[in-house]
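Two complexes come next, and they have one chain in common, subunit A, joined by subunit B in the first and subunit C in the second.
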Partner chain A sequence: MANALPSNLLDESLGGSSGGGRMILVEDCVETSGAFVVHHLLKRALNSHSSDAVVFLSFSHPLSHYDRVLRKMGCNLSVQRDNKRLLFLDMLALDHLDRNRGKTSEDILIALYGEIQKAVEISRSHEARHHITVVIDDVSLMEVDANGSSDLVLDFLRYCCSLTAQFGCSLIALNHGDVYSTVDQPNLLLQLEYLADIVIKIEPLATGLAKDVHGQLTVTNRNLRVDSGKSRSRIHNFQFRIKDNSVEYFYPGSKT
Partner chain B sequence: MAEWICRTLRDGGLEGEHAPALTINHTITCSLGFFVFDHILSQLSSFIHSQKSQSSGIVLVAFSRSPLYYEQLLKSKGYNVSASTWFKVLDCYTDPLGWKSKLANSGRIANDSLGSSVTVKLCKNDLDELFSLILHRGKELSVDGKGRFMVAIDSVSEMLRHASVSSVASLLSELRSHGQVSSLFWLIHSDLHETRATAALEYISSMKATVAVQPMDGLSGNSASLSLMQNNLKRGKFSVHVKCRNGLVKTMVEELNVENSTINFTPFSTEGEVISQSLVPKVQFNLQLSEKERNDRAKVVLPFEHQGDGKNIQIYDGRKSLNESKGDSEQTCFEKEDSGRGEIIYFHDSDDEMPDSDEDPDDDLDI
Partner chain C sequence: MVMAANKPRSGSFSRNFGAASSSVPSIPGLKHGPNGTMLLSSGIPDLDKILGGGLALGSLVVVTEDPEAPHHMLLLRNFMSQGLVHRQPLIYASPASDPRGFLGTLPSPMVSKDEKSRVHETEQEKGLRIAWQYKKYIGEHTSESHRGGKSEYCNDFDLRKPLERHFFSGKQIDCVSLKESADLGAFHERCSSFLSQANQNNGNITGGRIAIQSLCSPQCEYSNREWEMLSFVRSLKSVVRLSNAVAVVTFSPSLVSTTFSIRLQHLADTLVSVKAIPDEDKELAKLLTGYQDMVGLLSVHKVARFNTQVPAILETTTFSMKLQKRRSLVLECINQAPVDGATGSSYGSSGSCSGSSKTGSFDF
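Right after this comes the complex of A and B.
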């Protein structure tokens, strides 16, 4: 039996339970890292229902890092991996996908996509998994793997998005807004925003640094079709404070 | 106006004319173009389904959204298109670069085909095959293969990622000039391309519909920008430029509003009042006017002569009471009525004299 997670502002703004078939884009910057959002969404995906699974594509940290972080949040990734609920693809390992054998970037990304789709297919056939979430951390490091071709990265992400339509998966991708925010090249950022159903932007406070508040989150639900009939707000803005084992979310001015 | 566009696309072009073509243009700040595209697609489907159109069907080239999405969209409007003879989809969404077929051929993934749509693999910079596929699917819509059909392209922006502007422009021109294409429309995200690319495609179209942010009264502060963003997700300004046959370009503007997945078009109001009133930040001060306050404000007599109601106006200049006649003063022309009460009839100086910058207007003062 899965235990219901205590709801916080971030969960409320995301709405719905697992919300299948959605693409969530997490956009952060140097001053405010969005890693905590990825950790929270990962924990949410693994806790929400006992038959849900996660395919985690990591370009930035090894499994041990996430294991350490999530253990403090009350989630054991090693156990989840052993239970076949978590497939961790460590892109930092050089011999992964035969990168050291001189394959082109396109072939590497095609092979990577193949692994993801295969994992999704296997997961679905195994004990009728209800919902699969694909997490990518992060898009700008994927571009390094693609030898700087943002076109190839976008093609890869579009293919991953097609899994949301074909298998009802969710896709969560972390991207760094300030890497792509120059006037010459806002393209990848914009393309991803067009693709996404929900955009979570993590920014510093407009007023500068503060001791008790580490930044603000703006959650925009761009998919107007998923409307339960209630006139819910499409945009949520609230602030956050990162503590040792958890993150606190609150509306501006309500922090005591 | 949106209905007018749908009727124009339904009716198609006259004999010997190129097919009417509509560009739907939007940006990320107000990306309601998707809704406009869906609305037009639904309307045209309804015309074809009820046989109010001479076209035998629609060929949809799906780049941005899966064919399943459109099946569900039209099903929600009451049209079952999965086995229909009037709606065909070219699926450029599922496997545009052939990655899945490559993987399936090497046995790494399962070979799944989705529904009745034809999956298209695009060749970089070569859209000839796409053109042939569109015509082929269009011919399937009629019994003899000679009927006219409409073409809808889900996102030309996606096409521009894989092909050059000139190839895309060439494809659209060829479709417009093909005898069997009765009309076509497409969606473009103008902030993803250079201005010249968007302009080139707009020149090819006979109608351009732009979804833009609705102008609002100036608000400031974080909550105001959030309200603006919230507003832009549901409302926008819908302006259409139509190139008429005689060379005139007509412009029409409407407001569009999306509520509960349905889109509504209403005549455009220049006042931002309604919007700004609903978005006034909730503070402790009362920023609204009550009905009585509004009436009282309208009744205030403004202290200058241009009241505009045609009657003579009595002006009190602060030096003498209104009941006394005026002696020598700056006013050059006045009359005093020979009645018990004094009356000042003032004729504005500027009617008689042109202002002369060399003259000192106080020259005639006898000080």
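Right after this comes the complex of A and C.
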């Protein structure tokens, strides 16, 4: 497996290497699912450098689902897990166990953060590993598990963000943008957008879905430092088409 | 070959076996789907076709209701009847005090005209069983309408004829009243045990069905506790995913907050909405052919995709619901009526269907 992935528009817009210390927020909606971006980033994190590791918090699917999907993309999750490069936390199963023991949402989230922090610290101390990526799929289900306590979820994510500053690891979170569109007051999504360094928004085209173009991506790269010392954002917009083994990214009208 | 079912089985469920006997699956009522999934029928042949063969075992189907019309009941009736015809275990929940009453409205599989006269004849000439006719009824019961002597994967249901009694006897049918449930925890337990029972079944996969009607109905105590309802659907989804069953949940978005409705739509593997068509709408009558026969509109927003990241893109997403001969439910692409030359606007010819219709009067 070559270490250097062929570059595509998405990777280019993300800039740099898997570069530590960043939080990426992936926002999708009912019409267009952003799961493929999570798969892509997961594959990138596991392929980029043999010493990188991933902590995956799954609230939506069991490992078998991701295993099958990523296998078609040329990445074997079972092997990575056995090599200790992937720590897969199946929150569906764990949550059920913990609830039966009568723990509150707060306890569960605190314990969960503890596990993540421990995993990050262990990996750091291990001489070979130097970059951890924490992936969360997805945040809206975390809220359901926390019985609607968005504050708890936000606290948890803020703590995870602190890990990016402290240990230089990356955080990738998937959330559903349309869930919050009718909520006026400062809501979880706005807070996450504020925390994030990169926001990837997945939307359908204005004309609806089509066989050739499945939707459009808008990548907003914030906090880029320019020479003058000021920070500015960079926005990329392009379209995509999802296949089993890869995703095509292209500018509108330029698809061959 | 590992299927979507949680227990990988060697032997009869390998894909090669399925491909070899493509028209006759080894289990009546189930067939192979894409990416290693197994499908069961929705009970509506057109809907099966639209969804790529049927409903995937382990999937959660959400139907959004229109408070103006009970079309979601049509979907539920066909879904439940199909399960009973195939002897698949069924659990049905509704806000009614006595949900069992709904079972009386389930439709019976259609008997074609030829078979009708044949059945009539064999009843009259009980002693005389003509050999070539007898071959048609390989099963013992002549009252069951089998075409070609084998069970259909998907039956055409006659909505004017109630399902015969013998389909209800001795099968696993459970009815739950949601009104009587103070909270959804107990109901979830019931679904869990239903699913583990359905899974066991002598090691054979039969497929199970969960039908939950009008989950957010205000008659239910828990209906103002949105997080509890979401939590229930989320847990239901995860246990169904690991089982050989399909769960259909209907709800009305008008009864809940928008954010709840969207969260529920995200939870769905397959998402369908039904809408009423206003009677006597002259504008619509001009725009659509066959308007008078339409009872409603059905839109498909999401189709379950397991083991793949590629979404299902349909040619068209909105269909008209019609009752053919007032008996069976058919779904048709919407044909826009030819516009008379005077107006000159290009609506497109009949036969072209667009999910994103240009006309403002539609809001699918």
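Convention: the second predicted complex is superposed on the first by the 235 of 256 C-alpha atoms of A that agree within 3 Å, B and C clash if a C-alpha of one lies under 4 Å from a C-alpha of the other, contacts with A are read in each partner's own complex, and residues count from 1 in each chain.
We take it that contacts are C-beta pairs under 8 Å (C-beta built on N, C-alpha and C of every residue); 3 or more make two chains touch, one makes a residue touch a chain.
Just so it is clear, the model here is predicted, and its values are computed rather than measured.
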item: Fit or clash - subunit C, subunit B, common subunit A; value: fit
item: Contacts of A:E193 with subunit B and subunit C, given as first, second, both or neither; value: first
item: Touched partner set for A:F36, first subunit B, second subunit C, both or neither; value: second
item: Subunit B versus subunit C as contact partner of A:G208, first or second or both or neither; value: second
item: Subunit B versus subunit C as contact partner of A:Q166, first or second or both or neither; value: first
item: Touched partner set for A:S140, first subunit B, second subunit C, both or neither; value: second
item: Touching partner for A:I235 - first (subunit B), second (subunit C), both, neither; value: first
item: Which superposed partner A:S150 touches (first subunit B, second subunit C, both, neither); value: neither
item: Closest approach of subunit C to subunit B (Cα atoms, Å); value: 18
item: Subunit A partner contacts - residues on subunit B that touch it in the complex; value: 28, 31, 35, 65-66, 68-69, 93-97, 99-100, 102-103, 108-110, 112, 114, 161, 189, 191-192, 222, 226, 229-230, 233-234, 258-261
item: Complex contact set, residues of subunit A against subunit C; value: 30-33, 35-36, 39, 61-62, 65, 68-69, 72, 92, 96, 140-141, 144-145, 147-148, 176, 178-180, 182-183, 207-211, 214, 242-244
item: Residues of subunit C defined as touching subunit A within the complex; value: 35-36, 226-228, 230-231, 234-235, 238, 241-242, 257-259, 262-263, 265-266, 271, 301-302, 306-311, 313, 355-356
item: In the complex with subunit B, residue positions of subunit A that touch it; value: 110-111, 113-114, 117-118, 121, 151, 154-155, 158-159, 162, 165-166, 187, 190-191, 193-194, 206, 218, 220, 222, 224-225, 227, 229, 231, 233-235, 237, 252
